[in-house]
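Should a chain be cited, it is by its letter among A, B, C and D, assigned in written order, with residues numbered from 1 in that chain.
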Amino acid sequence: MYNLDFKSDRSMDLVGIGRLCIDLNADQFNRPMEETTSFTKYVGGSPANIAIGAARLGLRSGFIGKVSDDQMGRFIQQYLQKNNIDVNGVSVDDTGAVTGLAFTEIKSPENCSILMYRDNVADLKLDTTNVSEDYIQQSKALLISGTALAASPSREAVFLALDYAKKHGVIVFFDLDYRAYSWNNDKETAVYYNLVAEKCDVIIGTREEFDMMEQFENFSQDDHKTANKWFDYSAEIVVIKHGSEGSIAYTKEGQTERSGIFKTKVLKTFGAGDAYASSFIYGLMNGWDLDQGMQFGSASASIVISKHSCSDAMPTVEEINQFLKSASISEKE
Amino acid sequence: MYNLDFKSDRSMDLVGIGRLCIDLNADQFNRPMEETTSFTKYVGGSPANIAIGAARLGLRSGFIGKVSDDQMGRFIQQYLQKNNIDVNGVSVDDTGAVTGLAFTEIKSPENCSILMYRDNVADLKLDTTNVSEDYIQQSKALLISGTALAASPSREAVFLALDYAKKHGVIVFFDLDYRAYSWNNDKETAVYYNLVAEKCDVIIGTREEFDMMEQFENFSQDDHKTANKWFDYSAEIVVIKHGSEGSIAYTKEGQTERSGIFKTKVLKTFGAGDAYASSFIYGLMNGWDLDQGMQFGSASASIVISKHSCSDAMPTVEEINQFLKSASISEKE
Amino acid sequence: MYNLDFKSDRSMDLVGIGRLCIDLNADQFNRPMEETTSFTKYVGGSPANIAIGAARLGLRSGFIGKVSDDQMGRFIQQYLQKNNIDVNGVSVDDTGAVTGLAFTEIKSPENCSILMYRDNVADLKLDTTNVSEDYIQQSKALLISGTALAASPSREAVFLALDYAKKHGVIVFFDLDYRAYSWNNDKETAVYYNLVAEKCDVIIGTREEFDMMEQFENFSQDDHKTANKWFDYSAEIVVIKHGSEGSIAYTKEGQTERSGIFKTKVLKTFGAGDAYASSFIYGLMNGWDLDQGMQFGSASASIVISKHSCSDAMPTVEEINQFLKSASISEKE
Amino acid sequence: MYNLDFKSDRSMDLVGIGRLCIDLNADQFNRPMEETTSFTKYVGGSPANIAIGAARLGLRSGFIGKVSDDQMGRFIQQYLQKNNIDVNGVSVDDTGAVTGLAFTEIKSPENCSILMYRDNVADLKLDTTNVSEDYIQQSKALLISGTALAASPSREAVFLALDYAKKHGVIVFFDLDYRAYSWNNDKETAVYYNLVAEKCDVIIGTREEFDMMEQFENFSQDDHKTANKWFDYSAEIVVIKHGSEGSIAYTKEGQTERSGIFKTKVLKTFGAGDAYASSFIYGLMNGWDLDQGMQFGSASASIVISKHSCSDAMPTVEEINQFLKSASISEKE
């Protein structure tokens, strides 16, 4: 069991904060990008994907972010609105920033890479003046994505949002989403990740991400110690993902749950984590048992990695249930 | 008549210097970019387009530029090579720069715009150490594109290339290609454009570009005075383009030629100038009369604006001749 | 009473972290700087001054900082060593940074100002790799100066030092030392000051500095509420300074002490806070009663503001006792 | 003989453009800076020194530059005015820039060095909008100092001033004043120095400075070839300085003059070149024979290097004549 007190008097369920980008996914698969000739445009960015996934599942979602003042930025805003995401927390940059881009290359289902455009991007221009205390206190939960910590002034905006959330009893989910290319060095990264994690209720990340955060510790690669470290601060649940080995969740109250992954026809690996997070959060916000939420997350991930996009492929409850009926899970111990 | 002494003992005809980029052209036309869903990838950048155009016409072409060390940069190099352009002058950036991008939006044939990604681009990282005196002296002509002057160290690389060209009797073409977004202010722009133009043999630009360069002068918008100003320095030919009104060419020896444009079914306006320049240069390098070269340039421009890409649409001599047979020119006085 | 557990098994008493600079104090007083003709050179920077003051009083002091690789940096290192401060934690910059400068202008004792040189300064280049866990755990106490939070990578170095201090039971003093010119905006400032203050044992600042930190709170300018806020985190003692009105200290255990200032012949106001902090810390580390430490601090401040320098004027215990014998305090309620 | 047509109808004789700085000269000599304790403040910067020197000799001088909006900037303006230099061309920075500083270290008369503060300096913020065509055309001559070319926007401001000077028949002196620390690399440096030198009437520099400018040439270290190169452009006189060996001047009309240096009691070597330039220019503007001007320059240099400051030590005509009466020159062949 776990103890997350979602306030019932809030008008929104989940507000994401951080990256709003564009994915440009190669239309031609199984070849290097030098040989692709066209790209399809999708909204992207980990917290954007999670917010879209949550909205598809029926959560009343909102977003705090910043978009460029051009066609790309307007496309993002319009897409969020079409997906029933409140955009009152989304600001428009006025400094000439651009929208971050991620060109995907799918050499094979197991060999995918991304070519990023992250110079002068609008999402990292989010600043403290763009973060409304009033907006945050209207929500049951806040989702923080670690990439938003990579640079000022976005970094400070996240800390301020976190302060407001704590002040108003908003449950905070922290999806680590560590992207080395965004950071100067891993010591700085660990400093900020730890400062945020100390104040969060639910922390979700890969084993490698937690390793990065533990570089100043004496223990290493011990999931149980990792979880306990954060239970000493504010965490109620810690989820550690092990790729194809599945994931493991710990609760402050002592529960441990493992979850495998579903076999599926994989097109690309992108988006699995975001799909998992959105569905797992959905489960928690509905008071489900941990194992049920984890299974729901794994199913959602399997659906997304079989499709071309991340955001646009986020499934509904019905799709996930349909998938679960026909799927066979490969459980790991 | 004009007096351009192309040295016959050179192994290349034309070396371009400057921008090597990617165009991402919307696959869906006649709508704002917010509503386009996919883009096709082409090599772009004015001097790249001119070099490709020149190579298609049979000129032995080379290039001095810098590409990113990623899939985009390798695509550019491969495309140049496929088009018989020597890439021994093309360097690979080692600082983490990206390839410049131009997303095109075709709302209507008359209403086209470009969304540029120009932060931290590899082409502007070209520096003096990348410019080989030996490479330049192997060519009959050097083509300078003004955008390469927009920032250091590319700016200094161009000045050095220009010095080498003058030292070795390489004829210098200056395509103004002024893009306001690349510059801090128009006074700085004019300073550098003028410093380069003083040393060039052939200067090609729009009336608006020459206006920018003449902001410190007492005369304005007088094509004849514009041309004479540069004849007092090194110019032999000055071409001033007036959009749909056609263009006008002056020679130091006193000749004036006007040229109209051909009627065609326009898809977009991009690429017209680059097509014109490559074909006009081809004419000059073959010793054609001015009017013949201008007509050839106008035909080439008409072909390119009827197609989806700029670079990939550059015509061969046969295509231009075929076009000229069937075309009716709308001459302007 | 207060409860600060200084570990007795440490080889150092106090390690400062942050700014190491040069003061250039006008040799001519009571005139604008336009009319001064020469300057005398001293080591400066708030934490440097406090460390020097503490060393003069007999505390075994050390420092974590970064100096420029030039004559100014070497002068600072030599001066610290002459004052019996361990410099094993002081790194030398290798990026071409300079030493920060503070030119003082003394128009009158009440009208002093500083002209700062803070571009590309070595002290703010301190980074996480320069912070040794081993060094910090050798000390009873760590002194953090807020200005070191103003920019990366110094900011992250301070957070890391703070983590190490907490891990090893090192008592942390936080001298707010807020200098608006070092920061982008006061929201960012408050975010970082609060993140640090949450983990500190003793917080010392002016009323204005605490106001800056409380801009997201609903209360304001209430010393008691200010103190209580930090007692909810880690603080044991909070000292709030009110300029010529004296200062007030609160302890977590409920004690409140007020202290006035001593009348003296003032030359300039600089250095009063640093002298106060070093002597007050000396008192705490000797287990003195709060009021005794505060009086000692006020006496030290009075001595320093009657002299030309800050660092070089830091008094010994004997000097302070001598001063106290002859001084009459103007107590405020 | 030489042919410099100074227009008689101008209200100013000489306008300098470029660096306005502060020298902080160690009050203690013959020791490393770590051991100096105080500094005296003077106006500094090569073109400032030359303008001050010229004004002391009676030339009606003006200046185009930018100073910081603080006590240092105001001190510079006031000092220039006290020395009868017109400051209508001096702008005040509004971006928070500081005044450049030069701390001098005099270990011995032969071993002097400078510690520079050149980050975010006001003098390099001079931009094209600060350069008045009207101001320049009021002067007989313009003095360009090469350091002003080291960065944008100052670089473009110099090119614009040069254009205005050429347009209005203002004679242009180019004092090379090359400081490696201000530049990215020597190829860029050479590019810009050459672009300016091509348009100047009188070029004054050391052999090492000309070597830097000739790195793309096939000849080297040949004074005569150096001079001839510039006679092919616009130069009328080229002066090449060989340190203690004296200097050599060439005219376009074929004259060659050598000049030695005077024996004097040297305090420091700074300022010799600026004193020489101001007095040599004075000679040219009075129509003196080359050798007379060179001797006057050498005498002025000897006076300055025997004193503590550069700017403040600039001599009057009477002082130089007095010196010449008693001096014995050590002529070199």
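Assume a residue touches a chain if its C-beta (ideal position, glycine included) is under 8 Å from a C-beta of that chain, and two chains touch if they have at least 3 such contacts.
A quick note: this is a predicted structure, and the numbers were derived from the prediction, not measured.
Among the other chains, the CA centroid farthest from that of chain C is the one of B.
If you average the CA atoms of chain A and of chain D, the two centres end up 61 Å from each other. The distance from the centre of chain A to the centre of chain B, with each centre set as the mean of the Cα atoms, comes to 45 Å.
The distance from the centre of chain A to the centre of chain C, each centre being the mean of the chain's C-alpha atoms, comes to 41 Å. For chain C, the set of residues touching two or more other chains is empty. If you draw each protein chain as a dot and join the dots that touch, you get one closed loop, with every dot joined to exactly two others.
Contact between chains, per the stated criterion, is found for A-B, A-C, B-D, C-D. Those residues of chain D whose C-beta lies close enough to touch chain C in the complex are 24, 27, 32-34, 36-41, 70-72, 74-75, 78, 98, 101, 103, 105, 115, 117, 119-120. Partner chain B is touched in their complex by these residues of chain D: 127-129, 133, 152-153, 156, 159-160, 163-164, 184-185, 187-188, 191-192, 194-195, 216.
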